[in-house]
Each structure stands twice: as C-alpha cells, then as structure tokens.
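Order of writing sets the chain letters: A, B and C. Residues in each chain are counted from 1.
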C-alpha cells in the first residue's frame, strides 16, 4: 500500500494548486454572485488538458489517472466549488461512460473533442418524478428505423447550458422496468432537443443547472451507448465514478474552509489574544482536520481502486457520504468561527457553506449512499 | 596579485542624459567614510559624453579625485563600451574598493567587470564598513539582505582586488555639499576594441510615470472613514503628490462611494507593500491590516487612541488628520525644497 | 535555433518566517520552487520556440533534488534537461557559479542563452552577466521582450527605472529576464504525464570545460563572514501630542528613513 503521491502526481499537484490559486480563486466571488458559468476558466483548463485527464492519448486525452483527475476536482473546489463540479460532471458523467461503454467509433468521434475541451459534457438521468428512484424514468426512446425518437424532460442537469454532448437515459421498453432503460449520446444540435429553464440555487451558483427538453428529438441509431436495455446499469456505474468526483469536490470545499478558518482565527483577536489560541478553537479544529484527512484517504482509496480495476462502488459511496457530511460540518463551523464576519460575503466561508450542501444531495443523496453501503453489508 | 598594490576607494558616478544620479552622491558619502578609515583617497569615475563639467560637483560631494572618460562612445550606457572603459581604468589605477549604485546600470556593469577582473562582487549592500581584524588588518565588510530580506549576510573578499559592491539608491547618506572644495580632475581616453561592440540602441522610450496601480506604489497615503468625504481625500492626494506616492483607501470609503474600488486595500481589495504607508483615519480592522501589514514603514493618524491600527503602526499619532495632513504636506514641501 | 535556459531551484522566500523567540530562520516546510525570473526566462524561450521553432534546453546547477525543476520545465515544454551537479561546485559564489555554467555552455551548441535576472534567495543579479563575460558574448539584462529579426539578430526590449530601451544584438548573447514581463505558462497535463519518461542528463565537473581550481568554494573570491536574521520589527510608538509636534515627529522619521 502506498500513501504518498507519485512523482508525477506531485508535479500535477503543484500545477493544479497554482492554477486554482491564480486563475480560479479570483473569480469565485464573481461567478457566485452573478450566477455565471465560468467559461473563461473552462477555456484555460482546456488548453492545459484538464478536460481530458484520464482519457488515453489515442483518444486525444492527457493519458493521466483517475487519481490525478480527482486531485484536480479537489484543488479546484478548494478555490471554487462551481469550477470543481463543472470538471467533475464533464469527466465523470460524460467522458467516462463514453470511454467505458462506447464503441470504437463513438470514442473516436466524441472523446477527442471532449478531452480537448472543445466540447463540454453533461449527463441526464433525473426527471421530475425520477429522483432517488431513478427507475421511474418517463422519458421514452422509440425505434423509428434509422433513428431513435426521444420524448420527455430531464431536470437539474449540471453544465446543461454550456454542454455540447449529453449522456441521456430513456425508456426503450417500459414493460421491462430498469432493464428497459437505454443510454444515448445526444448532441446539442439534434433536432427536437432544447435546453429549458435554469435553476436558481442556494450554492454552486455558477454551475448552469437546467432542464433538458426532448420533443420528438431525433437521435441517430449509432448513438445508442452500450447495449439496448443496459442504460440503468450504465447510469449506476457512471454515478459510482461520479461519486468519487463529488467526494473530491466536498473534500476541496472542506479543505478550503479549513484554510480560511486557520488563517482567520490566527489573525482575529478577542480578549487580547488570537482566537486560534483558545482551546475551544484548537480542539474543534483538530477534530475537523482529522475528519478532512479521513475523507481524503477514503477518496484516494476509491480512486486508486478505479485506476487499478478493483471494484469501487461501495468505496465511492463511503467516500462521498463521509466527505459530503464532513464538508457540511467544516463549513458550518467555519462560519461560526468567523462569527458575524463569516455570515457576510466579505469572507468566502458563507459561500463554501452554501456550496457544501449540494454534495450531500446530488449524484445520490447521503441516504442513497447509506443504502448502497448497507445493501452491500447485508447482502 | 599583491593586494598591497591596491589603494583608494572608487565610486562609479552614474549619469543618465548627463545628469549625475543621486546614488552617486550617496556612494561618495560612504566612500568618504571608508577612505578615511583606510587613510586613502576617494576617486570618482565619471563616464559619458560632454559631462566633464560635472566633475567639480563630485569633488564638492566628497571625491578627492575624478577620473573622467568623456567620448561619444560613452554617451549612453551600453554594457560593453562602459565595461571596456571601467576595466581599463581599474587595471591601471588598482583601487582597493569600487562601489556602484545598485541600479539597472550598476547591476549590469558591475558583474561584467567583476568577471573580467576575476574578483568578487557583493550586491545590494545595506552596510559597508572597514573593520580592524585580530591580525591588525583593515578588512572591508559588506552586509546585505538575503533570502528575500529574511537574513542578513556580511560578506568579505579577502584575497582578490578590487573589492566591489553595489548599493541601492537611498541606503547611504550623502554629505553636505562643500562648495569650492578642491580636487584633481584627470581625463582618461579609453582604447576601445570596437569589434566587441555587438549591441546597439535602437530607441529609448521614457516610461509613462502616471501609474495607477496602488500595489505598485512605493508610497501610499491611505484614507478611511475618518477622512469623511471627497474633500478629505483631496488633502490626502496633496500629501501623496508631494511625497511622489498614491492615494489608497479602506473599504469603508469605497462602500460609501467616495473612492473607486481599485484604490481599496485589504481583504477584498489589494494587498500592498509600499515603503511607506500613511493610514489616515483608518481604524484598522483586520481585513484592512491583512492588506498592508507588510509595508516597510507604517504611520497611523487617528483620533481614537484605541484604534487597532496603532498596534500595526511603526509611528502612531493620536490626532485630527484634517489638521495634521495639510500641515504635514506644507512642512514636507519645505523640507524637499531645501 | 538552440536556446539554453539557466534555471535555479530556490526556497520560496515568501514562505520563510522568523522564529520570534530564537530569532532564527524557520526553513522547515518551506517549499522549493523554480526561481520566478528563471521561469520567466523559460517562458520567453518557449514563446520563441512557438514562434520560430527552437530546441529549448534547460540547465540547472545544484544538488540532485534540483531535478524537480527540470521535470517541471519539461512539463512546460522544454526539450532537454541537464543537471549540473558535483561536490566540486559546492560553496560557489556568483563568480564560481557563473564560471561553471559557462564551462557547461562551452560544450554545447547554442544560439541564445536566457537566464532569470536574479534568484529570490540571493537577489544578486550577477550570474547572468558574469557568465556572459566568461563566454565573451554580450548580455542584455532586465529583458521584457525579445524577437528574432530577419537578419538573424535579436531585437530586445529592456526595462530600466525610467525607460524602456530597444536594443539590437548581433550574434550569440545572454539575456536576463524579468518574471513580471512573462506570465509563465502552466505545465500541461500531458507534459506532466510524460515528464518522468524523459531523461535528465547528469553532468559533473569532468563533463564541462573548466579549470577545476576555479570551481566551488576555492574559486570564490567572496566569503560569508557571518550571517544573522534581520532583527524583528520593534513595536511601534504612539504619541498624543500637539499637531505641530506630530508633524515634526513624522518629518524626522521620514528623513531618518530616507523617504524625504
């Protein structure tokens, strides 16, 4: 077992930290306040190859590892959780399923453009009546000979307003339940496909969360992803990977809030001494630091398993559950340590607290993670 | 090399467009102390074109002798031309110490000469002294900051001559000008090897000095809630103009719409590190302190003697900025005119 | 076009703190980084490579750990990396350092040498010009831009206190570069993935053209007599005095600090 970063990972960490600090952090307040997609950051990430970290070179990627990818999500989220989720949704929810389930033609067609960042990816599973109970899909796909015709609505789709490629789940045979769900690769320009209203959210406000609307949307036959009827399984596997990404996002938010709190409590003086010198501060912070490190080990271990072809579904669930709840706890306490200032927008901790909440909800709520973990425990 | 053959303290008297730079006079002041401690002479090197009339000024500022190389090749500073001339003078005159200003010219020329002479050079010295060693010798000690100013190092150059250093402008004290002071002016005609002139000046553009980035300013006069309004800021601006600095602000005055956000120092504004920061009517919330506490010298003027700004200040004045700032401005103007 | 860029690994001096009790430097945990001006120099070289096509070699003199910045340079786009490391180089001042670097340059085929203006741990700005002198080629320091002219000469802009000067340089030369003029690129992800697959050449004193008596401590004319931490900032003084007295206090301090 190896708990240290490889030399390559060390070099990568140096780059992504300085990128996050210099390019991402300065925009964090603005994109939150304006609820604006950080398109300029995505363009910069694209130039550096960050949009295709774990994609093999033959598909135009950087040939890196899942470990490097999740390090990127963590470091970006430490500065700005919106930017972290843009990369996470793109990589885990669109690039990964094409890489893992796509045909050679699909990979050659989509991966180079996604990995280079020319195209941004998204994923459509959730519907108004199919949230945690994802099997209740109402979007349909009908075989019309040379194409599929999709009808229905997806909601809460991350990256939607700026994405070019969407992995979309639809019922191809209602009689078969989850085995009647199939996955499709849908391009932005397909006839009958449009982006609906944008959600106004508590946190990660720069991430464009929208509806996808399919009105007799025409999808070419060759854009079926994986086998017919395997959509639910593809979606679940995709979410397993996605959870490592969201766990990293939560970890990054928690780390960012720790950094801010350490700095603030050292500077802030009350009763003639820094509040960092009070034992209450020290003990609470020690506990939080321990939890953040524990979350980091869970996240890294899940990523290591994915990199090495070891089953990681339960690991991903545990990592996400623990990292998300840690992020919520750390950010809430960070605001408390900052006192009145923490509640104002002068300090970033209130934003981090708002951003942290979503990590307990999307890509499977904490309750879903517990179901996954317990389901495996008592099987 | 017999180091006993090397005598006298030389100063490279930098001129630009025929104007001797202030650092040259500061170096002469220090060179005077060093030469007196050694019982030797101060010699200024003046290179340029049509500059020889300036030699007397160097004598009045402390030089015993001025060696002037006055020719068209030396009109503007170019590394090789100047290196050849200075090298020839040094090899002929054998000084024990040579001082240069740590300017873009001095820091370009001095290392070139050091390598040509195979001798030591110490950069950006803040202290120069002649010390008596246990062996009874007089040793030249050069002290300079290292590690980003975190560490001071005292450097010696025991076996090579001349011993050379560069000194930043503003570090040494110039002497009072002694009008009519007598000294020797010697003309020197360098023999140029023009085959080595590989660099030519195409043009020189003077910089636009009206920079408006407060983080670049060497001096900031900064105002907070106590300044009250735009009229208050005019008083600060007048002082900043006199000092050659800029005006900055705390968050309070930005939020009040009195000044622009680009002028804000602090957590949500800019981090500044000027040589001098004059905080006027700023209480000193930690968000403000975080943006300016690294400043070289901090003066705070505030009515409230309990204002936290005083704990960060080097010099705190409890008083009304609206009275003190204009008085200070007038007083400094007089001081500069002297 | 062959460009050689001199880079140095330095402690990030902005992270160095002083122990307030012992009054000593705290160096533990201070990260080592590529010197910022050198990184600016590498950026200039890579831009020239992008514009004209060039082979960019990075060279550093230092302990074996300095390999890290060579890997970083390759991940940014450098083609070749050389680590100049030998106990014989130890204790070198700027003259002996520049002499060793010049000795390495003499064994190489180069058209242009780029270095940073100065390193943040020493701030001397001497190694570049001294190396140029050892190689008997011209230098331009404080460089903020450089481009190649059709006649093969370089058009170089340098920044001084009050002006920006444009110079034309004939033949080989050394440029020393300001970090502030070159917003250095980040390493790319694929560059990072490949950085450890490439070779870093290790050169000792025997690989370069030097007189070994001029290397390291014994080749260094300057010696450190003593070093000591800068004294801590004294607590400030607060005065409650008349306005006239206040003005005098301030003016005296400003004079003492050479501000006026």
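One rule holds for everything that comes next: a contact is a pair of C-beta atoms (placed from the backbone, for glycine too) under 8 Å apart; a residue touches a chain by one contact, two chains touch by 3 or more.
Bear in mind that the values here come from a model prediction, so they are computed numbers and not experimental data.
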Chain nearest the global centroid, as defined over all protein CA atoms shown: C
Chain pair with the higher count of C-beta pairs in contact (B-C, A-B): B-C
Computed distance of Cα centres, subunit C from subunit A, in Å: 40
Subunit A and subunit B, separation of their C-alpha mean positions in angstrom: 53
Geometric centre distance via CA averages, subunit C-subunit B, whole Å: 22
Interface residues, subunit A side, partner subunit B - complex: 267-269, 341, 346-347
In the complex, subunit A residues that touch subunit C: 7-8, 11-12, 14-15, 18-19, 47-50, 52-53, 57, 62-64, 68
Of all residues in subunit C, those that touch subunit A in their complex: 68, 71-72, 75, 186-190, 192-193, 195-196
Footprint of subunit B on subunit C - complex, ascending: 11, 13-14, 16-18, 25, 93-95, 98, 120-134, 136-142, 155, 158-171, 173, 220-230, 233-234, 236-241, 243-244, 246-251, 253-255, 257-260
Contacting residues of subunit B [partner subunit A, same complex]: 267-268, 286-287, 289-290
